[in-house]
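Scrolling down, you'll hit the structures one after another.
First chain A sits with chain B, and in the next complex the same chain sits with chain C.
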Partner chain A sequence: MTDIAETSFVNIAPEPATGMGICRLVAQLDGEKVVRLDSHIGFSHRGIEKMLESVNTAQALVWCDKLCRTVPFAGGHAFVLAAEKLAGVNVPKRAKQIRTLLSEIVRVSALLTMTGNLARDTGNAAAGAIAAQAAVRTTALCRAVTRYPFGTYFRVGGVAVDLADGFQDRVSEWMSEMPPVLDELKSLIDNGIFRSRTKGIGFIGADAALAAGLTGDNARASGLKRDVRADEPYDAYSDVEVTVPVANGGDCYARYEMRIDGIYNALKLIDQLLPQFAAGEINAFKRPETTTLTGLSTHFENVVKGLLLPEGDVYAAVETPFGETGVYLQGDGSPVPYRCHIRSAGFPAMQALAKIAVGADLLDIRPIVSSLGVLMTEVDR
Partner chain B sequence: MESLDDFGQYVSLHFAKQDIVGREKAFGCLTLTVLRAALVRTVSFLRDDAACRFTQLTDITAVHYPNRAEEFVLLYRLTSPMLNRRICLKMQTARDVAVASLGGVFPNAVWYEREIREMFGVSFENHPDLRRLLIDESVGGFPLRKDFPKAGKNKLSYDEKTESFVVSEKQPEPQKNLIALNLAGESE
Partner chain C sequence: MEMNFFAASLEKLSAWAQKNAIAAMPLPLGCCLGESGAVQAGIPVCYNPRQADILVVAGAVSFKAAPVVRRVYDMMPAPKAVVSVGNCALNGGLFADSYAVVRLADIVPVDCFVKGCPPTAADFAAALADLKGKGR
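Moving on to the complex of A and B:
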């Protein structure tokens, strides 16, 4: 243990890594080495769980989708799955496929953003800009095929509106654009400088990652073969083959590799999914004919009252780019959840940071935090 | 141990009858209700036993039931990545009783317990660090308790004369759930 008189304290704030949101890290330094790190989170805590206790499921989605800005469906997807399980809703096949497709497209965008942020934090602004450009194109594709604002596109029972005509062509066109962009990105990022900044830095072993509660890419980078999409398939993931890549490095470089693999995986999944698309309903709850008075009043009542959540509790998890994001939902027979808790994937990662960063140089804190791919709005809820 | 029932039976057999009070399964997940005194023992067993191998703590959360004698239920969610299985432990606890911390079994329990303490006011013993985590020290009370007003207790405003922020207490408003619910005839 280093004597406290010989150490100094450094405040790393307000944004310890590019694009992660507001957070404060207090590092105790011995020279340049980090001896202890304390993370102060909660700057973007909005009390979503408390607010979900006063709204019905349709209104709750507005909050859940605002969990994080790069992955608009992260919280909403887990929430609709939980509500559907609890209320016993049978979701039509097409709706499941649409949700799966959009989750994967958004995953590409989020993983590109994370990779770009890591590149920026190792001093490679050009790669960051290219990744951001590709991410923006992906977001534009999402807008074009859904023709709907991001928040509340996923609904309990399905989705809000059907995909645009000819969406398959648009998605295929975007898919053909991606490999050259990824090649360019990789050739720009993966050089000697990047490797010297990431290899062997921010190491966490398999056992420690497991005990720290890491999930998703962070866990796979440490050699844990775990993916909610493959292990507990939800929506249309049971119809496609999900490959789970694993790396053994456990360092920032391994996490970068997992993110790039994740992009290729998502593209493969979309490729498998596109020809399977079934025709049919997009929501389990049919909208009544609103041209008649009775139909209109039924519709009004449905919207205003919301879905009744029966007594009982349920946990549903989805694989988001951050890892496993889950929603615990407890109903009491009314449309308003008695208790709704969001298990955020970045929360354990931020906690594990104290362990991962010890022994690293102050200079390496940025890439380490960046490689964990956390987003503070998702951590703080 | 193919079915959840068999598995639940297997776990129960390793403990005295009063330690694991209840066993239910819902939506493909086994839920055990454990006694406060047996919590750490049960979690350690589930983590270390070769047939269980719940080596990851996924989540801890709490639910407040103001009308019960033991008003909090703590939920511990464990995952076994090797066997691809989940389990949930439920534990009842009261306001003025300290719960044993799981920090010694799973290091990531520390933050979850910090969050539960600041949100619900459940206290933990043998906990290394009980500072507030998500909300500011100046926020009084425990926000996720059912008796905490949904719109908050305090009002924050800026006083231009003194050039500082002023925290004043909010007048208690009649709690309306929603216009929507009132329209549907389900007022609180």
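Moving on to the complex of A and C:
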């Protein structure tokens, strides 16, 4: 360890990397080399978990979707899966397929944004703008097919409303737009300058990544074959073939490659999913057809009180663009969860940053943080 | 007629310059986007409080972030303005009951509130243009 008298400290704030939210990094420098990096997180902590412990599962989804702005379904998806697992709800097939489809569409948008942010942080603003445009188009597609505001669309037992008529055509049209955009993006980003700023920088090996709890693209970039969609398929992922790409670089460039592969994989999954769409219900809790007083009052109670969560605890995880986001729920027989904990994917990544950044140049901190693809609202909950 | 000079009082000149060269510093604390609206309103984004004229605070302000917001505000040179984006910054919004969240107006004087959860970029751009029109 370098003598503290010879080192200097530099604060990196408020946004260490483009679009990540508020966070403070304190770097201890020996010349230009980082000898220690402390991350101060919690500026976006809004106490979402405790809020969820005071409301029923139907109300809770509003807060879940505020977990991250770019991937509104991430928190909500894990939460509805956990609630359904705990209460033993049988979700209709169409609802599962709709959720899977939207998760993948949003994944494309989020991965595009992350790639664009990394391009910006390595000094390539043009690629960042192109990625942002494509992400905006993808978000617009989500709004058009769900006919709902972006987010707050998933429900315990299914989804809020059925997809718009002819959604398959719209999705197919958007899918045909994507390959040229991706080609353009890759040709703009993947050049000698980008490689010199990312290759061999921000390295974390497989063992260290596993010990740190990295998931998703960050783990796969270090050679760990981990993907919740393949390992523990949820919703309609068991009906499609999920390929898990792995890179061994463990550096910023490998993480960039994994993100691009992730976009192609998501498009492949959507391609497999579209012809499979089943007709039928979109929510397990449909309005009763009977107009008897008991039937209606049972439905009314279900809606007003919410779903009863039996005693016990469950953990359900989804593969978000950040990695494995999971929700732990403990029920006590009432509609309000007794305990709720969100396992955010970015939190271990922020902790691993202390290891990854040591030995790097001060100027490399920005691409390193950016390549981890964290979002502070998701980290801080 | 060709004029290669003009006469003005220094105060008016500096006011004119300040009004037409505004830089906004975004603090995206929550899920509302801080930057997109400023860009749409034609206001450049600047991450240095010493050079910023407008502080754009987006999303719920947590207890941990509150002193930071105040400090950033104090570092900005006068004349300065604060724009609060989203219901959360306005009154806590969805997180009004949370143990972790305070109202932005309790920390710094706010000149302009943009409501919505989340507000559209157009709403935000309109608010910024309005603020610009006031010559603040």
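Quick note on the criterion: the second predicted complex is superposed on the first by the 368 of 381 C-alpha atoms of A that agree within 3 Å, B and C clash if a C-alpha of one lies under 4 Å from a C-alpha of the other, contacts with A are read in each partner's own complex, and residues count from 1 in each chain.
Criterion: a residue touches a chain if its C-beta (ideal position, glycine included) is under 8 Å from a C-beta of that chain, and two chains touch if they have at least 3 such contacts.
Keep in mind that this is a model prediction, so the values were computed, not measured.
Engineer: For A:His45, is the partner it touches chain B (first), chain C (second), both, or none of the two (neither)?
Structural biologist: The answer is both, since A:His45 touches chain B and chain C.
Engineer: Contact-wise, after the overlay, does A:Pro14 reach chain B, chain C, both or neither (first, second, both, neither)?
Structural biologist: So A:Pro14 only meets chain C here.
Engineer: In this superposed model, does chain C or chain B come into contact with more residues of chain A?
Structural biologist: Higher number of touched chain A residues: B.
Engineer: Of the partners chain B and chain C, which touch A:Cys68 in the superposed model: first, second, both, neither?
Structural biologist: Touch partner of A:Cys68: chain C, not chain B.
Engineer: Quick one: is A:Thr377 in contact with chain B, with chain C, with both, or with neither? Answer first, second, both or neither.
Structural biologist: second
Engineer: Does chain B (first) or chain C (second) touch A:Glu324, or do both, or does neither?
Structural biologist: first
Engineer: Could you tell me if A:Ser54 is touching chain B, chain C, both of them or neither one (first, second, both, neither)?
Structural biologist: both
Engineer: Based on the A-chain superposition described above, do chain B and chain C contact any of the same residues on chain A, and if so which?
Structural biologist: 42, 45, 47, 50-51, 54, 380
Engineer: So in the complex, which bits of chain C are touching chain A?
Structural biologist: Against chain A, the touching part of chain C is residues 27-33, 47, 59-60, 62, 64-65, 68, 72, 88, 94-95, 97-101, 118.
Engineer: For chain A, which residues count as touching chain C in their complex?
Structural biologist: 14-15, 21-22, 42-48, 50-51, 54, 62-63, 66, 68-69, 377, 380
Engineer: Quick one: which bits of chain B touch chain A in the complex? Just the residue numbers, please.
Structural biologist: For chain B paired with chain A, touching residues are 26-27, 29, 55-59, 61, 63-64, 75, 77, 81, 84, 86, 88, 106-108, 110-111, 132-136, 143-144, 148, 150, 177-178, 180-181, 183-184, 186.
Engineer: If you look only at chain A, which of its residues touch chain B in the complex?
Structural biologist: So the residues of chain A touching chain B come out as 41-42, 45, 47, 49-51, 53-56, 59, 85-86, 210-213, 215, 224-226, 231-232, 301, 304-306, 312-315, 317, 324, 326, 328, 330, 334-336, 338-339, 341, 343, 347-348, 351-352, 355, 380-381.
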